[in-house]
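Please go over the structures that come below.
Two complexes follow with subunit A in common, the first pairing it with subunit B and the second with subunit C.
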Partner chain A sequence: MSTAPLPVALNTFREAVRDRVLYNLVFFALLMMGAAILVGQISIGIDRLVIINLGLSAISLIGLVMAIFIGVGLVSKEIEKRTLYSLLARPIRRWEFLLGKYAGLVLTLVVNTAFMTIGLAAALFYVGRPLVPTDLLILVAVYFILLELALVTALALFFSCFSSPMLSTLFTVGIYITGCFAGDIRAFGELTRNPAMKILTRVISYLVPNFHNFNVIAFAAHGQRIPFSLVGHNTLYAVLYVALLLIAASAVFSTRNLK
Partner chain B sequence: MSRSSRSRPRWTALLLIPLLFAAVAGLQTRIDSEMGSLTQLGDDLFLRSPSAIKTVSLGYESLLSDIYWTRTVQYYGGRFATEGATFPLLWPLLDITTTLDPQMIIAYRFGAIFLSESGTGGAGRPDLAVELVKRGIRSNPDDWRLNTDLGFLYYWRLRDYPSSASAFLDGSNKPNAPPWMKVMAARVAQKGGSLDTARMIWSEIYESNKDPKIRERALETLRGLRAEEDMQQLNLLADEYQKRSGRYPASVSDLRSAGLIAAIPVDPDGYPYLFEPDGKAALDPRSPVVIPKEIKTPPTPGHY
Partner chain C sequence: MSMPAIEIVGLTKDYTVGFWSKRVRRSLDNLTLAVEDGEIFGFLGPNGAGKTTTLKLLTGLIFPTSGTARVRGRSIDDISMHREIGYLPEQPYFYDYLTARELLDYYARFSTYSSQDRRERVSQLLERVGLASAADVQLRKYSKGMLQRAGIAQAILHEPQVVFLDEPMSGLDPVGRHEVRDIILELKKQGRTVFFSTHILSDAEMLCDRVAVLAAGKLQGVGAPGDIVSLEVHTMDILFELRPGQDLPPGIAHKITRIGARCHVEVPEHELYAVLDELRRSEARLLSVLPVRPTLEDYFLRLVGTEGAVSRGVEVTTT
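Right after this comes the complex of A and B.
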């Protein structure tokens, strides 16, 4: 397999670090510290619950903002700065360039999420709670958040291949929100008595990436067991959908006139 | 880059994308069943305080209210007619919906039905239904329809006939209130608890509602009321028969043979009535007619 995407990926990661993207970690750290100190004073018996819910939600939200806003600029920024032309003059194919950019942003998100997870563990430690086996569920929830972010990044990259950053953001956010309600859309269709509406909602719910699949924050917070098969299926789902989006992005980008 | 090498990704995409879509759709059905096993925990309201939700809605209370109302309907619909189902989140959901949008009449009207129905049909909490409708009347003082709902709840669910009459009378003084509301108020005040009045109320519900489910429910109750009325008449005739012959009739044919009735009476579904050994008329076990339990059970003390 070609190693051409690797330098692009590392360069994308370095660029993100240079752009002080990881500064969000300071915000996360402050949020966790504040929550850890305050929660003991304003609530009774739900310290752990609040810290886990808040921490995982913040990891997801910060990651989403990064994935969307950096993702939509991955291609357009290179065109704007005219660095894309010098890159493509080298022996690298367009799909390899896209794959490299994608991998670079995912790497950034993984590093960022890893640091935030450490921050969450520190906050839990601060509230004086000993580690228990169900804490592994928090890692499962973090893993699901990463799968979600990988999917959102692919979505943003796909849109950025043919539209402006502004529109790409709107499209990505729109699909993300629709995907969060995919199950509800299908349930809504089931409640109506209109067969056409039933079919339409069913098709939409299967067509959009179902982000509800990755939301296990509440289960992790309550220490409810998450089936191992779900981890496997969600991983496969994310891999297949990311592959689908990257193939579509490559198809669009390879025929795009960059002059 | 040559033209053919540029079009290669497009062909690959055309071949692979439908296959990948089919694969993710297939996978989704498996994930759905796995997530389904976890939903018991997810079925909760993390933020129960309506005022807190209103504060964080950032001016989008109306939209949020629509979302909560949709969730309420889905919540109710998902449990309706399910054996052993309970509705613990129904009131909090309705509370949030109507706090976010106090003008959402539909939430008061249907919410009251969801709350007051008992068994597998609802939460069995007419007290909360009354509270919900009263709140609706406070927020929408010109809407007479909420008064009919309140009158109905007092009459049918709580058997508090003076309060029912008062609710109908208050509603009759509101703009555009139909004339029958005054009649209903007088009728309930004079003949609360009679089958006639119950039939009148359910007939109005049938006539004034467009929702097919409510109309169907009203029709079903009206059929039950008619059967109950028939059976009360048959009980009187059975007593008469007993006085004449010294025993209770074994069947309705005995009444006809004695010349007390001209034809064999049947229930609204066409099944002849039966007599129990104690001379009480009863429905044929095969008959789908249901006598409303509200008229079978004695009224709750303290409501008069």
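Right after this comes the complex of A and C.
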């Protein structure tokens, strides 16, 4: 097994740290502190619900912004700045480079999300509520957010291999939004009587990643049980989708001329 | 017979340009070339001649439209070929959030060095290219010349047998150029092959065992600088000084260029002694007599022509 992706991944992580990407944690900490102080004063008995909802939504949104905006530049920035030239002249295959870049950004997102989760736990602790077993659901929700981010990163990386950062952003955001409504699109197709529309909606709903299934923030906030089968299903779904996207990205990038 | 270090056969590269009406532009046209092991080989040509295209093809950054190339017997498609080569891109740009030490350490991780050897090799190279004192400064604070040195260091970091340098003297001051020349000569002493592109012809003349000249994507000539540039002397350059109040020697006055007391005259070889006799008669002070040899630059300019000083490839078909 080649170890070439490892240094690329670590360097991508180092780049994110040095470019002060993790400064978003300060924003998140302020948000959580403000929420913890305010919520205690304005809500009666629903402080837990508000904090968890707000915290998990912020974790998801900040992660998405990072995954998309850093993801679309993973390859194109290296080509544009020509940092790739002296790297690819070394014994590293192009797919290994892509895998390293992908792993580096996912590592950044994991570290960032871990710190934000600690911040959320601290905010819950601040509002004076003892930890209860259903709080573990927060970890499941965070895990699903990470799966979602891993998928979005793979999408952004895929587009980054052949289009400009602006177009890649548009494509990734477009697919993400479509994917959030994949279930609704399919339901619409079942309601319509137009056979062409039926087929079209079905194709779209199967083709785009179904991001709706990864959103269990409401379950975690209300302490409702999340089926274990969903954890397995989402994990498998994300792994397969990411693998497909990385294979497609490698196929595109392996034949690309670096002019 | 030993295997050539670099063997290029019929290498051609076309690019498709245009959005609505697509045209094919040929950047490199049927290049066939062999570079021997241990040679310093200069690749000359004006801007847009296809030098960088050739280097990118040889390093696997772009793919040929047709033709093949091998480096030390390995096809350029073979990933193991990359262990044999080092590459300095034109106007190198590196991760500017890294220091030079971190950059070299990063690249060294793709070689087989142990962590101890890696640290030692990096320090040794930083010293060699004159960056030891700035080793822990981020590259974003480096000047162009310092970046070029870092680029040369990364190209020879893993002790490759074949080193490709794209315009290695670009952006360097005279001291830097002298140091790079020393590094290239040192690589040759170590038995390595250096293939470098340049448009600074004096560097090529000084360093290269052989040179190739490329214009508009086509190979124009290849050989030792001495073979390419004829050693035959046709004219002589004479420099002399007039004594105070002395007039120009009457027989050659019309040929003389005068700056103050110093005079300079270029004469055909067969007239040399007649002119020297004239100078002796007029009691001028002779300073030097030098043969005028055509330079590589003369050859180059003649070959590519003044219009070819900037060539941008050739459009070959319209689709």
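Here, the second predicted complex is superposed on the first by the 259 of 259 C-alpha atoms of A that agree within 3 Å, B and C clash if a C-alpha of one lies under 4 Å from a C-alpha of the other, contacts with A are read in each partner's own complex, and residues count from 1 in each chain.
Definition applied: a contact is a pair of C-beta atoms (placed from the backbone, for glycine too) under 8 Å apart; a residue touches a chain by one contact, two chains touch by 3 or more.
None of these values were measured; they are calculated from a predicted model.
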{"item": "Touched partner set for A:Ala89, first subunit B, second subunit C, both or neither", "value": "second"}
{"item": "Touched partner set for A:Thr172, first subunit B, second subunit C, both or neither", "value": "neither"}
{"item": "First, second, both or neither for A:Thr113, with subunit B first and subunit C second", "value": "neither"}
{"item": "Per-residue contact with subunit A, leading partner among subunit C and subunit B", "value": "B"}
{"item": "Which superposed partner A:Arg18 touches (first subunit B, second subunit C, both, neither)", "value": "second"}
{"item": "Partner chain(s) touched by A:Ser160 [first = subunit B, second = subunit C, both, neither]", "value": "neither"}
{"item": "First, second, both or neither for A:Ala251, with subunit B first and subunit C second", "value": "first"}
{"item": "Overlap of the subunit B and subunit C footprints on subunit A, listed as residue numbers", "value": "93, 255"}
{"item": "Parts of subunit B lying in touch with subunit A, wherever the complex brings them together", "value": "1, 6-10, 12-14, 16-17, 20-21, 23-25, 27-28, 30-32, 34-35, 37-38, 41-42, 44, 46, 70, 73-74, 77-78"}
{"item": "Touching residues (chain side subunit A, partner subunit B) in the complex", "value": "53, 93-95, 183-184, 187-188, 191, 206-207, 209-210, 212-213, 216, 218-219, 222, 224, 226-227, 229-230, 233-234, 236-237, 240-241, 243-244, 247-248, 250-251, 254-255"}
{"item": "Residue ranges of subunit A touching subunit C (in the complex, touch as defined)", "value": "4, 6-7, 11, 14-15, 18-19, 81-83, 85-93, 255, 257-259"}
{"item": "Subunit A-facing residues of subunit C, complex", "value": "15, 56, 59-63, 79-80, 82-83, 85-89, 91-95, 97-98, 106-107, 109-111, 151, 154-155, 158, 164"}
